[in-house]
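See the structures that follow.
Across the two complexes that follow, chain A remains constant while its partner is chain B and subsequently chain C.
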Partner chain A sequence: MVDFARVQKELQECSRDIERSGIKVVPKSDGNLAHLVGTIPGPIGTPYEGGTFQIDIALPDAYPFEPPKMQFTTKVWHPNISSQSGAICLDILKDQWSPALTLKTALLSVQALLSAPQPDDPQDAVVAQQYLRDYQTFVGTARYWTESFAKTSSLGIDEKVKRLVEMGFPESRARSALETVGGDENLALENLCSG
Partner chain B sequence: MCPTVALSATVEKLRQEGNTYFNKGKFGAAIDKYTEAITLCPKVSVLYTNRALCHLKRNEWARVEEDSRNAIQLDSNCVKGHYTMGLALLQKQEYPEGVKELERALDLGRGADPNGYMVEEIWQELAKAKYMEWEQASSERAWELQKLKHACESALIEKHDAFQMEGFLDEAGTTHMQQLQALERVFEKAAEADTASEVPDYLCCRITLDIFRDPVITPSGVTYERSVILNHLEKVGEFDPITREPVEPSQLIPNFAIKEAVQAYLQENGWAYRTW
Partner chain C sequence: MEDDCLGTDDEFYTSDQEDDYSIEGLEESIDGLENDESDTQWIPPKGTTTKVITQESLLAAQKEDLRRVMDLLFLREHHARTLLIHHRWDVEKLFAVLVEKGRAFLFAEAGVTLVEHQDNEPLLPSSTIMCAICMEDVPSDEATKMDCGHCFCNSCWTEHFVVKINDGQSKRIRCMAHKCNAICDEAVVRNLVSKSHPNLAEKFDRFLLESYIEDNKRVKWCPSTPHCGNAIRVEDDLFCEIECSCGLQFCFRCSLQAHSPCSCLMWELWAKKCRDESETVNWITVHTKPCPKCHKPVEKNGGCNLVSCICGQAFCWLCGGATGRDHTWSSIAGHSCGRYKEDKEKNAERAKRDLYRYMHYHSRYKAHTDSIKLESKLKETIQEKVSLSESRESKNRDFSWVTNGLSRLFRSRRVLSYSYPFAFYMFGEELFKDQMTKEEREIKQNLFEDQQQQLEENVEKLSKYLEEPFEHYDEDKVLDVRMQVINLSVVTDKLCQKMYECIENDLLGSVQLGIHHNIAPYKSKGIEKASELSACWVNKVNTSDKDLPFHCGTNGGSTEPEHPSGSGSSYESGCSSRKRPRKEGPGGGFFDLNLPAEVVDRN
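Entry: the complex of A and B
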């Protein structure tokens, strides 16, 4: 059984501190405290600055004696985060977990990971290669992904995909078109029509 | 104690059969087994506490009380006996006595061996009773303050009106307003003790994030709730969750200073018993 009394307290503490930390944790749906959504602001001075990143949080039954399962739902270009699945490679979410950590401190660590990539222990080999061999391109891509997927304007991407699908385009093409143009619906439509 | 070895073996067998029935939820059958055992050997407190738990499951509170009383008479340090006794008394709305029994059970239960550890259960019941007690007392206090404040305000206003009739100047008006504001502040301050706020972090376990019941300190000097730090050492690893220094269960020491600080805090802040 998840210790829901503790989770409840964590959520309260987190919302009290939101002004200072910028970190938000809310239940994914009402009444289910085992499935949460975390939000972290991209750290200033990094390619992620200005972005807002959503992280899906699933609490295992043994929480807080087992780490929470965290995964980015916002697409992010980072050596330690899978560009495909959003999986995070971070020691405290695995064997270095301690029950004295909380969802907030774990999310703060994820935020710190955004500031300090560890390309030697990668989750996404392609990104890590780019980071090591061509840092400028890495920064460009990471910033571009932030602009495209982590800005408020790009948050409604599912909505946009849906509208394009309603116009008769296949979902995968609609999504990739939106990704190519950075989330602008009109440009994506042009792209789809010309392509 | 039972007179002969053979008899005690029979009683032990009956007790185990009773326990098996209890675990299956067959409380009537369990009661029969315990009763048989008690007839053979009426001086074993655990038989009474076990039977009391069966009665408790069947909501037969008079019997719970009777068996608990017997158990406590045979063994005054019996955690379960005091626990069920407390519940029976609370059921009868004898709050102060019930709370006293639960407090005794909690004191005896602290530091008990992990198998029979029931601090959390006792705490929950005690907290519920204490919270109700506080709720009632605090609403009485609030009512009293309200009446007193009203009386003071009326007295001030009356005095002011009398002054005005005698033709005093505006100066009296300013003082009058200040006095009314001061009165407001004084009564606000008086109500503070009964206003729910946050339990200070140093009285809360860093794992449960809740106020301590049975605090223990690690060799690193960090205090945790006993049951959860034991759970952590068993499931996660033998290290201090905060400092990550190695810790073994045997190295945990009760932290009496924090325990007393918690008691003193709860004495003053009854609302903090709210654990749900």
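Entry: the complex of A and C
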């Protein structure tokens, strides 16, 4: 059984500190402490700055003696995070986990990972290659993904879809086109016209 | 290592004068031979370094290594074990790291933390501490501080241990603190886990104990099925063949049946080849075509390329496609193909040649293996013959030459049968294709085959003489048979030895990749029987140790004194041409307290 007393305390501790760390952990649904949602702000001075990233957290039965399972639900362009699934490649979430770590410290480590990518141990080979070979483009793409997916203020994807639909494209195609180009409306339009 | 107690193993390594017979000088050597081989039952000489480790002696087996490390580094047992597990029970390597990189490095690398606790003020039983794991305040007597100084509550420790043990990480359970590399004290683990999960605590103990087998290149489980429960420990030479006390003979390196002079790789390939008859399959694919209708393989037995299957379907032999029945010599109705014929013929020839080659070696290998089986029956009849002869009035009542000859026959027969798969690979194209020129290969093959042939002749002769009804012969004739058998025994032994020398030096030694084909050395006296490691001295030497995870009773079963009688035996008299260095046992070490006093005194 998950140690819910500890999880409860962790959540309290985290919310007390939210002003300073910006890190938030809340239950995904009421009354189920085994499934949580974490939120981390993109670190300042990185292409992720200004974004807010959501992370799905599933606690295994033996938590805290086994690591929590974490996965980005917000799309991120980063060598150690899968651009497809959001899976995170981070040692403390695997064999280097210690029961003395908490959800907050784990999320802080994820945040640190955003500022210090390790392209030599990649989760997403495409991103890692781009990071190593063409850093400028990498920064551009990462910033763009942050703008498109990690900002509530930015134009929502739904509105873009709506506009493309108004131009006469079917909604499903418009949505997938936007997804493949990472949310850029013009690129999506080009894509739709050529396809 | 040094548990051979008597320190006399230098004797048996050097004493092969007795084996220096020549056929001319046979007369004077006969006595030597008989003394030499009077024990057909292979008695482990007192210096046998190969040990059987039973459930009971497993603890004793590792005690010695543990003690060496504990004594040198002034450590407690669990720290010594942690170090040894980290270094896969290689004490020499561990000491080398100590010398080269120092104590601190050795400890840190293995996760041994020895902190001098300045803050060692005893926690008052009434006080509470905050456990950083469950985030509760717990009374300090319900918390445990590890050697590394980290303190957590007992229930969190227990939970942590349970998860790790179930995860198969018993051998290296680290402290719960983040980035603390320290390995937890096994006594604490055992103590805490056994309170709530006694079964798991047992499992933990077993994992720790068996680490000595699992993580140790010198120790291997006996591959018997059903498993006899034993493990075998060898010293120095890991390329050897061993007989476990359960009777199973196996190659220590690959755990398959004893197969020298085949190398492990050769034997693996050979066994696989025999198993799936891949040559037959190969032949079928090349020589037959599946009928397009019933899919049975069809072989063409002559005639033109329009083939009809027994199911009635006609098809083109060249491309395998179904056709009509109307055809001429040059074309088949409704069909036209006919390229690459030459290619296919080449393939067919090749497959045929490979198959014949395989069959050649396989039939000889099989013939000798079958002979071994038949000759095993000979053992019983020979016993009868011997007892019959012994009951007769005769000057000569010593018939040990018969049983000795029989053992020699078995051993030589073994060598002979395994020499065929060896030759198959040595002179085939699979392993050493580009390592020899065609001429070189021919010369070497001739050299080897000459030896093989000589051995074969003598083995057959030996077999013939042993089958003679000597129990009905008169005395002179018996003496004659005796002479022949003894003579042939010596000759086959020599020939086996020479064949191994040839294989190791002239054949495998000369090819580049031969290094991957180390073979177990020839043992004139047959495959070495591992002697049981006595479990008992531990009780006497180490009674001070309170951490014995399981009790090795004084009736440990395996406590025979290790044959202190007899002077230097020549069991290693066989081929010693191996170039790999063999360490002579250093002698010293522990006294076996089970030995008679006069034997211990001799030291």
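Brief remarks follow.
What we mean here is this: the second predicted complex is superposed on the first by the 155 of 195 C-alpha atoms of A that agree within 3 Å, B and C clash if a C-alpha of one lies under 4 Å from a C-alpha of the other, contacts with A are read in each partner's own complex, and residues count from 1 in each chain.
Just so it is clear, contacts are C-beta pairs under 8 Å (C-beta built on N, C-alpha and C of every residue); 3 or more make two chains touch, one makes a residue touch a chain.
Quantities reported herein were computed from a predicted structural model and do not represent experimental measurements.
Superposition of the two structures on chain A shows chain C clashing with chain B.
Contacts of A:Lys9 after superposition on the shared chain: both chain B and chain C are touched. Once the two complexes are overlaid on the shared chain, A:Glu185 sits clear of chain B and of chain C alike. Of 147-155, 399-407 or 417-425, the segment of chain C running into chain B after the two structures are fitted on chain A is 147-155. Residues 3, 5-6, 9-10, 62, 64-66, 98-100 of chain A contact both chain B in one complex and chain C in the other.
Across the complex, chain A is touched by residues 206-210, 228, 231-232, 235-236, 239, 241-242, 244, 275-276 of chain B. Those residues of chain A lying in contact with chain B across their complex are 3, 5-6, 9-10, 13, 62, 64-66, 97-100, 102. Looking at the complex, you find that chain A touches chain C at residues 3, 5-6, 9-10, 62, 64-66, 92, 96, 98-101, 105. For chain C in complex with chain A, the residues that touch the partner chain are 132-136, 156, 159-160, 162-163, 176-180.
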